[in-house]
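Scrolling down, you'll hit the structures one after another.
Two complexes come next, and they have one chain in common, chain A, joined by chain B in the first and chain C in the second.
So, the complex of A and B:
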């Protein structure tokens, strides 16, 4: 109850707590520059992320952001609707903070002996702040600002291994493509503004509904396509996915996990909110001449197919995971592809669930790569041969992540894929193009099994090379991996509340 | 709560065994596995259900728990047993215990992981046979794959990697096909179903079926397509010719206990699912597709037996003979008569016991001779009379010797198939019966060369008597086989009780 006696802006607490944590880290750094007190730095960041997570979960449970008709406290609008704290915002804040907490804990070991400790943690937390803000942003301007707050620290983080050519090169590539896509995105914003004269998402919808954008259909359509381009970059979807394998491969593995899980989720929340709120289906179709679901149908199919086929041909584990993460972006795009003028909360909710589960399993898989890099065993499938005989716990967890990514029961990934498939088929009863999407989902899932199980095979079935040093058991990395694995499994019996939160958020958004 | 208890004991036991030291893992896992076995035997005596679980029957040990609400569809934890699933659950728990006992000798590395995985499989197998919500059922169905994949891949023979991947990919792709078709069917049924509970879906299918066109396909064609897709999905698991090629690889490469579970229980998952889905929910399509399915069944019987005839590896012979035996089960199902379907269900249990026994005895022989090639040994009866005696007994069970369970299973299947309504049913049955001749042929031929005649072994291992923990499980199985052969009504009554509603619900 206390939640709504607080001032309105307190509803943004999850994001504010992250921002505060970032500032505290700067403070620590200014008091003791070049501190290598990893426990203090990682601990501060972890506490901040966990506090933010706890607040977001508490808000969700207390009904903050849930429409009053559903027995909640009502959606909270802040700064005249520039920000809005609803179920969707809180849901994505939970996803982002979970991933951030895992990353921070894992980085404790990964960064041992590294120079820029405080910078690293504060950048991670600031990027997370950006992502949490993106989730609540309700105007094209606040979205863009939050997006840049996410992107700028990410560029630096990818390149933070300054002595590592791969890392620096990846950072540069990421930055260049990121700058280009930001430019496209902001141009798209200006076109939408030109056509409608407003920036706040619900106002855009109102203008369109009132016929204020009639006659500017082409302009508006082009603007929407450009927004779509910016989102495709952030979510690593076709056609702006090229940076992902390079950046993920070169970046420190925890950062790869961060980008491919949390940053992707931030991209999706923009997509979900902008397209649902600002450009409602039906009305927008009358103005610009086509429904944007068509674009997402194509993007979803192409993205998942490109991602999975490319992943199947990789020899480098991290690149394989990078392409698989492109494939998973394709799965999540089904959430938008399956919408129709009269609903689609099932498929949308499934996409939300997939992003949450993906936050655990994909982060965990990348953290295992971080562990392997920590051990120094190498990067290819062969280098991973027989690791299970030396590190059964971590390899067991990795098998869980991989099977979950492939969508095999009884792991979390199965659930969300199952629901996506169910949702896609339900949408197909109205829009037969979704049959193709559902078929692509099945075919790609079957294909993905090939390369995921190849890694399981390397870990568990192949014999280890004769000479391999004893492998250490770094506490932080192990803790993060085990927690992610346990969550990937435990989410199974606990899927009721997750599904409830996700479909609730989707329902509020779609209707 | 009894079913939950069974699953929980196996799951917790799996976790405990995973972390137990290697040296005690085998004994620990065996002790743990006795609990579900004992519980399921108690459930067998306390069984009070009647009718078919999917068609308004009275379930035994039923339990429900709300789980997930997904749009207008609710998913719940829903388990229960009827006369079809209970015998299979009992068979599963007993076979798992015995399989664990029979692994003490051959498994000598990473024991705790091995036994943990076996217990994990057991938990999922119990789940497959008791789950009555499609979603729950599918989780258990797929979750069996991972541990089996690892059992074959880590502890298997020289070609284990290939065999494990092949097994995994074949069965998983088949599951996806079946899964997609079934979900489409649920949507096709429209407002008639609001959950994934199998009884509700079966009820909607039998009383009305798909009413309006789905995805632009007219209802009749759509239902037929779903039926075919699901049949294909399960056919890989059974397996029937021509989807059988994963089976010999998986069986031969798998370590003995995994082969026992593969042949004994995993194959039954396929036939059980066929019975539960295709043959319960689609009575009209069963009639429509009776002739092609009967043809597939007969081809499996004859071709599987011929393949077995051509093998020289004892384990391969037993593996191919499973293809042939599963053909009988399909024939019994498609007959769609009380004796046909009842006999097929009985044969599932019977074949589980007999093939388990065969794989165990081949395993015991391999443990001491380190060869499975028929050509490299002869006269084993001289050195290991007990183990070989059991092998011979098992082979006779396979051939359908009266007073052993195989006889009752096959006899009722043939009896039922002769009465079947579809075209040329007696001809198909006669052809399938000819399979028994081939079965007798290859088994007797193999036995003659390996166990009889003068003692000779190409490898220079010292052949002694098998230890008690190798022989004991085989005796237990043999006792069960004979018990079911002498008194088939032990389970046949409850099976026919559960089978009858299927046939009455249909048009036959």
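So, the complex of A and C:
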């Protein structure tokens, strides 16, 4: 027990620290608007992200959010339950802050010579604030506001290379589809509100359990489907995945990494929380006539198949990674597809683990692309030929990321996929459709090995073109890539605590 | 005499569908933005009608938040459309095709 009790709102400290960092960056920018002091700006952002990460880890270790029966401090509710800090919230705050810290450090080199330094870093940190807030949001109002706080800076970040036609085009497409999906999301919220009369997630569940929504099954069902649409956009899942390849390809590579790891994780935390807390399985099936797991089974299979098959046909490395990130969204959706009225915490815990490991390996892979863009070697597989002879460390790290993404044993990606597979098989006892999901997981992983190893082959086996300049070794990018690679490997011996945290968070949510 | 809540839902669904049609058929980015605005306002009609129906203020307060966020979204969107115009000399959303899948 702590010697003194922190106030309740202090439980949101990870998000508050990020918000504070964003404001400090604005302050620096307003004091010296023309300054492009990269060390100061990137340093401030990195310190903020790391402080937020440290607080989130400390809270987890101190038992904040752990139920009191397990010896923890209990779940903390803030503003009458508009926010709730539990294990799930802290877990996703950790994922988001890790990715943010990696991105900020890598951007130090990527943005060299860029005019809008302070704006860039403050937008990144503000988007991270939104993601950390999303993790703790426990009402459809706070979820929507935090989601927009995540989205609006992201639109601007994708289009931040103002004279680059690809970046602007990507920003436009991301914005158009994002605006459409947030309109659909808020309309879904209004329908759920119409059916139940409340917006807080646990109150929605109570109203549904009391039969208060019995006459409104159609309205509620339509509302839930529309919420699902908004979530599918944020996680880049079918049917709202069209923006992803365009936005990731056109955006600055660190931003692609940010969107495909942290933003996707934020989308998943909404999905996990909304569907488990507000629409508990069983009761919801009686009101709207079907269980939402059916929708997730279909979405998971379609998303992973579309993502992986499209990735296999790409010639552009960044685009291949974009499609592979759609495929990985499909893997994480298994966590929701495998739930049943009386269990499923194993498969959901596996999805949480996958999102953490994915935060390292996918961010690392996109940062390698950032490094290649920094070198100016080109965008296609052939342009990457033989890079290992000039930059063995970075290429070794990239091989680690790619094999981990494919799910090859010695790396973190293998374990999370293995848990997803066993979880899906276990869930198949309650829902036979999960057998198809497990089969799709295996087939898609095998297919993904093809295009990942194609890139490894280009890097390590093909001969380099005769005319290539010497490649620099930018410190920030190298540091971020090496840290991500080391974490992808050491997460294997350290998998115990991670698995414990993930299953703990899943259990608290499901039951 | 008050109007039954069904009519509000019908109205909001009509507005939502008009907005959706606009999004799907228009090529001008500005009209696209206006159509999205219609969809958001359809949600506002719903929220306010249901707040009246349920007799609590939650929906009305949320409608205020939605308006503020819609304005923020338009601000970011207009910025993006402006750089789009500078780069492509057009606000037609079908013109920027440097990337294809």
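Operating definition for what follows: the second predicted complex is superposed on the first by the 507 of 511 C-alpha atoms of A that agree within 3 Å, B and C clash if a C-alpha of one lies under 4 Å from a C-alpha of the other, contacts with A are read in each partner's own complex, and residues count from 1 in each chain.
In the analysis below, a residue touches a chain if its C-beta (ideal position, glycine included) is under 8 Å from a C-beta of that chain, and two chains touch if they have at least 3 such contacts.
Every value quoted in this text rests on a predicted model; they were computed, and no experiment measured them.
Applying the stated contact rule after C-alpha superposition, one finds that A:449 touches chain B and leaves chain C untouched. Looking at the shared chain after the overlay, A:141 reaches chain C, while chain B stays out of its contact range. By the touch criterion defined above, A:490 reaches neither chain B nor chain C.
Touch criterion met: A:199 reaches chain C, while chain B stays clear of it.
Using the contact criterion defined above for the overlaid structures, shared-chain residue A:183 touches chain C, although it does not reach chain B.
When the two structures are aligned on the shared chain, A:432 is found in touch with chain B, with no touch to chain C. Of the two partner chains placed around the shared chain by superposition, chain B is the only one that A:461 touches, whereas chain C remains out of contact. Of the two partner chains placed by superposition, A:61 touches none, neither chain B nor chain C. Shared contact residues on chain A (touching chain B in one structure, chain C in the other): none found. Residues of chain C touching chain A in their complex: 5, 9, 12, 16, 19, 23, 29, 32-33, 36, 39-40, 42-44, 46-47, 49-50, 53-54, 56, 58-59, 61-62, 65-66, 69, 72-73, 76-77, 79-81, 83-84, 86-88, 93, 96-99, 101. Here chain B touches chain A in the complex through residues 66-71, 73, 110, 113, 135, 138-143, 145-146, 149-150, 153-154, 160-161, 164-165, 168-169, 172-173, 176, 180, 183-184, 187, 214-216, going by the rule given at the top. Residues of chain A that touch chain C in their complex: 140-141, 144-145, 148, 152, 155-156, 159, 162-163, 165-166, 168-173, 175-176, 179-180, 182-184, 186-187, 189-191, 193-194, 197-199, 219, 245-246, 249-250, 310, 319. Per the touch definition, chain A reaches chain B in the complex via residues 345-346, 349, 389, 392, 399, 403, 408-410, 414, 418-419, 421-423, 425-426, 428-429, 432, 435, 438-439, 442, 445-446, 449-450, 453, 457, 460-462, 492-493, 495-496, 499-500, 503.
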